[in-house]
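Take a look at these structures.
Below are two complexes that have subunit A in common, paired first with subunit B and then with subunit C.
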Partner chain A sequence: MDGQLLGQLAVNGVMVGFDYALWAVGLTVIFGILQQVNFAHGELYMLAAFLLQWLLNRLGLAYEASFALVLPAMAAVGLLLAKCALLPTLRRPFEAAILATLAVGIILQNAVRLTFGASPLRIPTRYEFQSLEIFGLLFFGQRLVIVGIALTSLLALFGFLRFTPIGTALRAAAQNKDACQMVGIDIRRLTLWTAGLGSVLCGIAGGAVAPLYDLYPSMGTDVVFKSFAVVIIGGMGNLWGAVLAALTLGLAESFAGGLGSAALRDATSFTAMILILLIRPSGIFGRVVRL
Partner chain B sequence: MKKFAQLVIGAGLTATAIAFAAATCAAVAEDIKIGIPGPVTGPVAFLGQHVKWGAELAVDEINAAGGVAGRKISFTMQDSACRPADSVAAAEKLLSADKVDVLLGDICSGATLALMPIAERAGKPMIVAISTHPDISAKAGVGGNKWVFRTVPDDVLMSSVIADHAIKQGAKTIAFVAEDTDYGRGGVKFVTEKLGGKVKVISDDYLKNSETDFLPILTRLRSSKPDAIGIFMLDQQVSNFMKQYVQFGMASPLVARPPLVSGLVVDLLATGKFDGSWTVYPYYDGYDGAKNVAFVNAFKARFKQGPHYVAYSTYEAVKLVADAVKRAGGTDPAALQKALAASNFPGILGPIKFDDHNQAHNNLMLMQVVKGKLKVQELIGS
Partner chain C sequence: MTSRYLVLAAWGVALLVPLVSTSSYVLHVGIMTGIFVILVQSLNLVLGYSGLLSLATPAFFGMGAYCTTLLSLRYGLDNALTFAAAAIAGLSTGVLVGIPSLRLSRHSFVIVTLSFTLLLQLVAYNWVDLTRGAMGIASIPAPRLFGMAWTDKFVWYYVVLVMAALAIGVMQAIVGSRIGRAMIATRDNEPLAVAVGIDTFRIKIFAFAVSGALAGLGGAVYAHYLTFIDPGVFGFSFTETLLIMVILGGSGTLWGPVIGALVFTALPELLRLTPEVRSLAYGVILLAVVLAMPKGVASWVGQRLDRRQP
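Right after this comes the complex of A and B.
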């Protein structure tokens, strides 16, 4: 077996794993705190990518500046999502939130199709075609940027949830909403915070990962499925579980695709997901919400 | 308030009734209707957009010139997402609700194959202008489905050209990367057969057509270093593949049917990293035949970009239908079928005539990237 091949597959796996971690973290935060499944997750990612593209190509801003502007915009979108879909379904059975967010997703997807058209768009960045070769192993520019952004934003998220009053309240809500209300924590306000946070995380994912690929209105569909696989394997709502699951999945897929075939690679994530659901329905790290 | 609402509803109903009556009166000179099942959504929605543009341009040109046999021509597109089941549902709706006179085939071969029995059962002609799977013409015409006509050369015809050229180029090894559909798997199978072992196939990978990440495959190809990478994927997917190919610093040329003709990859070709890559396509908007230049200019003026191969195919298919309706003197299905079979239509790339399997033999184009630009090397009869 070729050592360089194995090394490169490992490097790819870790880099792709960080894409998956960024994709999944927004979904897991909303589920972990609100116990609501956000089916508009992929479309939030897609919307962030299109916003970035628009700022970059139409307004002529730099990639970094556009990225910075996308985040507050996505926070606003998150608040809107909370108003339209998450708050009205807060006290309803869980299917209500699924249907409401699914509807938001469909509306977003078609609104983007109407506005931007179906032709794929591209986000050019200066890191796009750069790669670094170290001992015969290739490290790709934009993917290194993603790893940096993923690590920074995960640490920032952890710090926010751990060390700020709002973060503490969010963690309390994740554990027991009724108890929260008893001590005077406003769950509706926390819902707004959570949706905003989840949406900003989608914005970060969109800004970092989307330049790798062409943009088109249905690009969120694959993202949402992959995110579900990651979140289910890592334990619904478990932040570090999701990150670990993302990296494991990235590596497993890389080796399956590199040593086996492309079809085998696709099968990997979903086989893992089904196995986990059969053996440990609460995910490898359990459903116990530890953010 | 309630009264007002009733009034509004009443007025609405009256207006609808009037509109309906007007529509019925107008039925005297009803439009010639073409139904197009095609991808408005899904991973190849971009191609669906070009199909729609091609049809729009053709329909408007025909109507501006006074229509056909005193009637206007129109088209309706229904979303199929390029999936067989959705495509069948779209065609059923076009036939029963929109009452179309002619169907066009879908883009994806799998979907078009599923449409063939629908056209036969309805007894309406169907023009396949884009799908290239050989089974389509094998099942059409003599001894089979007389309603289906194909204007585009099929994969077997293209495979011989591809295999011959690959051998001529002196490649010793080839690795295939294809979409996991009838088109992708069929293409790889036919080319492999035609190569007959003269070029060694070292790997074949099939990906779902929404896959965007090619790192594992490119990593493997970087180690196995094939002399050529044979591609059977559509535009959007190949554009992502080519981006990652550049990041990997690969040197093996892309061959077989990479959509190098696509507007999406012009920038990528301009990097010069794809010089020596070649493709066989039924059409390229950079072809300098006089008829093509006129078509491309009209298309660009209206849609602000060059026509994709699927736009050209649809444009020609609509014109072909108009020509047949004119000769048949109307849209009676049996007469129209006969008129289509007897077509000798002056197309953009040459005359369109059907053989006994209702297959036309348009020219194919062999094109190669030279100094960052796609150049037509040869027009090959099929």
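Right after this comes the complex of A and C.
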């Protein structure tokens, strides 16, 4: 019986870990390639969730169709973010990018608050009340959808960065921007690609994970808090470090909550982040950018 | 020389306001301005003079607010004590945030200061026994200092004015001292500062400590004046407002942020903006200033004027 509890806690932990991986991956991609911290990250996620909700509840589209429409919309938002915040600050001190993206986040959050109001909304999906039982362990429907989407999009991202010309250029830019320019790679175009990519990843995260929670305009704060912890634990700009850190954090939180208390679970990510920073400031898997 | 007369004239006007206008609304705007003057100087010391983009000011502010509230409501302590305790709470929070975060790379530093503030907000929401969580704590008593209760806005105005003057005085003293020059040297060229023997880590911790104490005191005044606080005191809206005031006023100058505090307290009141519209406008203004005027409005205007006179 005890073994079953531990098993269930492990399953839940891995499932939550995939939420965190999806949350953090957009932030990691933008930081890894551009060395700019996107403080509008949580708001991009929030915006994707509200767009999805609007398509679903107002236009009456199916969940899958709405999800598919959110992605190009988020790509456009990403390009806008690049034009307004990331491109103009590319050659400026790092604070400029932080303040500019912070400002974009403030604008997005309050624009959504003015448009949709502050009362919580929900994204209903047909998977949310389904579950699967294997060897006495429960797997919830939407959680399985998240795992599927997370694995697919991570593999797609890996393939994109590894095997396409643009992906190769992006990895080169992550290593050395000046050298890129010397061999004729247009850094400004890569910035647009990166912002679009990071924003679409936020859109995927929003579409997959947001149905589990209530939607409200400041929901991005929780996401950005967790994403920062994941990114710092995994090493800033280290994609696979972030994924591993997300899964580890999910497991740690699940056991802390299941065997300890809810407060202990909430404190886990921050405690882990501070411990990592004190012991190994470059993160478990090192500061080296790996994409 | 003219600037000295301007400052004197400004103090004169500030002193006379309650005698000319008896409107409690004008006094309210004046009191809020005074509280924000204390807070912007807290951020100005870290952001402007030390060059550290710290997002932890609301953490110090909120700690001060909760500290004085709980001490005076639960234990009925004298407010001279609770105000001092609030400043000490802010100071210790500053040191506590500073020590781990200042060891980090530049990006991680900003992230950790923000995460720490979010963590304190999380604690304030969830430690319901202590903070009453999201319901907040209401009917915080009017402070009694030297046997006199400040229930009147007239009294509040002058008390806050004195505190704001003290905050500016402390800043002036620090900036003009050896420590202030070391701070500016660290901001402008850290390797050089280290090379001439400045312990830059200690200088930064000092800036965090004083910044924490100022914001903690500001939080205490805020809590007793509004008589209500909730976990929103750790919220992002304060960061955003303070950033606007300091950056637009001119970070790293003594009086620029004071003007910023005055303008951005009075203007939203005059225009009667809802909080959402105000925040939206702040976002747009912040973006415009960061992109178009990297050194703040004051220096932008100054450059324009210089260019006109060949």
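The rule is simple: the second predicted complex is superposed on the first by the 290 of 291 C-alpha atoms of A that agree within 3 Å, B and C clash if a C-alpha of one lies under 4 Å from a C-alpha of the other, contacts with A are read in each partner's own complex, and residues count from 1 in each chain.
In this section, a residue touches a chain if its C-beta (ideal position, glycine included) is under 8 Å from a C-beta of that chain, and two chains touch if they have at least 3 such contacts.
Since we're looking at a predicted model, the values are computed, not measured.
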If subunit A is used to align the two complexes, do subunit B and subunit C fit next to each other or clash?
clash
Output check: A:E128 vs subunit B and subunit C. Expected answer is one of first, second, both, neither. What do you get?
first
Just subunit B (first), just subunit C (second), both, or neither: which does A:R92 touch?
second
Looking at the overlay, does A:C84 come into contact with subunit B only (first), subunit C only (second), both, or neither?
second
Does subunit B (first) or subunit C (second) touch A:G258, or do both, or does neither?
first
Can A:T221 be said to touch subunit B (first), subunit C (second), both, or neither?
both
Return first, second, both or neither, reflecting whether A:R113 touches subunit B, subunit C, both chains, or no partner chain.
both
I'd like to know which partner A:D266 touches here: subunit B for first, subunit C for second, both or neither.
both
Run through 8-16, 80-88, 98-106 or 134-142 for subunit C and report the one that clashes with subunit B in the overlay.
134-142
After overlaying the two complexes on chain A, where does the subunit B footprint on subunit A coincide with the subunit C footprint?
113, 221, 263, 266
Could you pull out which subunit A residues touch subunit B in their complex?
2, 4-5, 8-9, 12, 15-16, 113, 117-120, 122, 128-131, 138, 140-141, 212-214, 216-219, 221-222, 253-259, 261-263, 265-266
Where on subunit C does subunit A make contact in their complex?
53, 100-101, 103-108, 110-112, 114-115, 118-119, 122, 126, 236, 240, 243, 247, 276-277, 279-280, 282-284, 286-287, 290-291, 294
Note: in the complex, subunit B contacts subunit A through residues 40-43, 45-46, 48-49, 180, 205-208, 210-213, 215-217, 219-220, 222-223, 235-236, 239-240, 243, 246-249, 264, 267, 271, 305
What does subunit A use to touch subunit C in their complex?
31, 35, 37, 84-85, 88-89, 92, 94-96, 98-100, 102-107, 109-111, 113-114, 221, 225, 228-229, 231-232, 236, 263, 266, 270, 273-274, 277-278, 281, 287
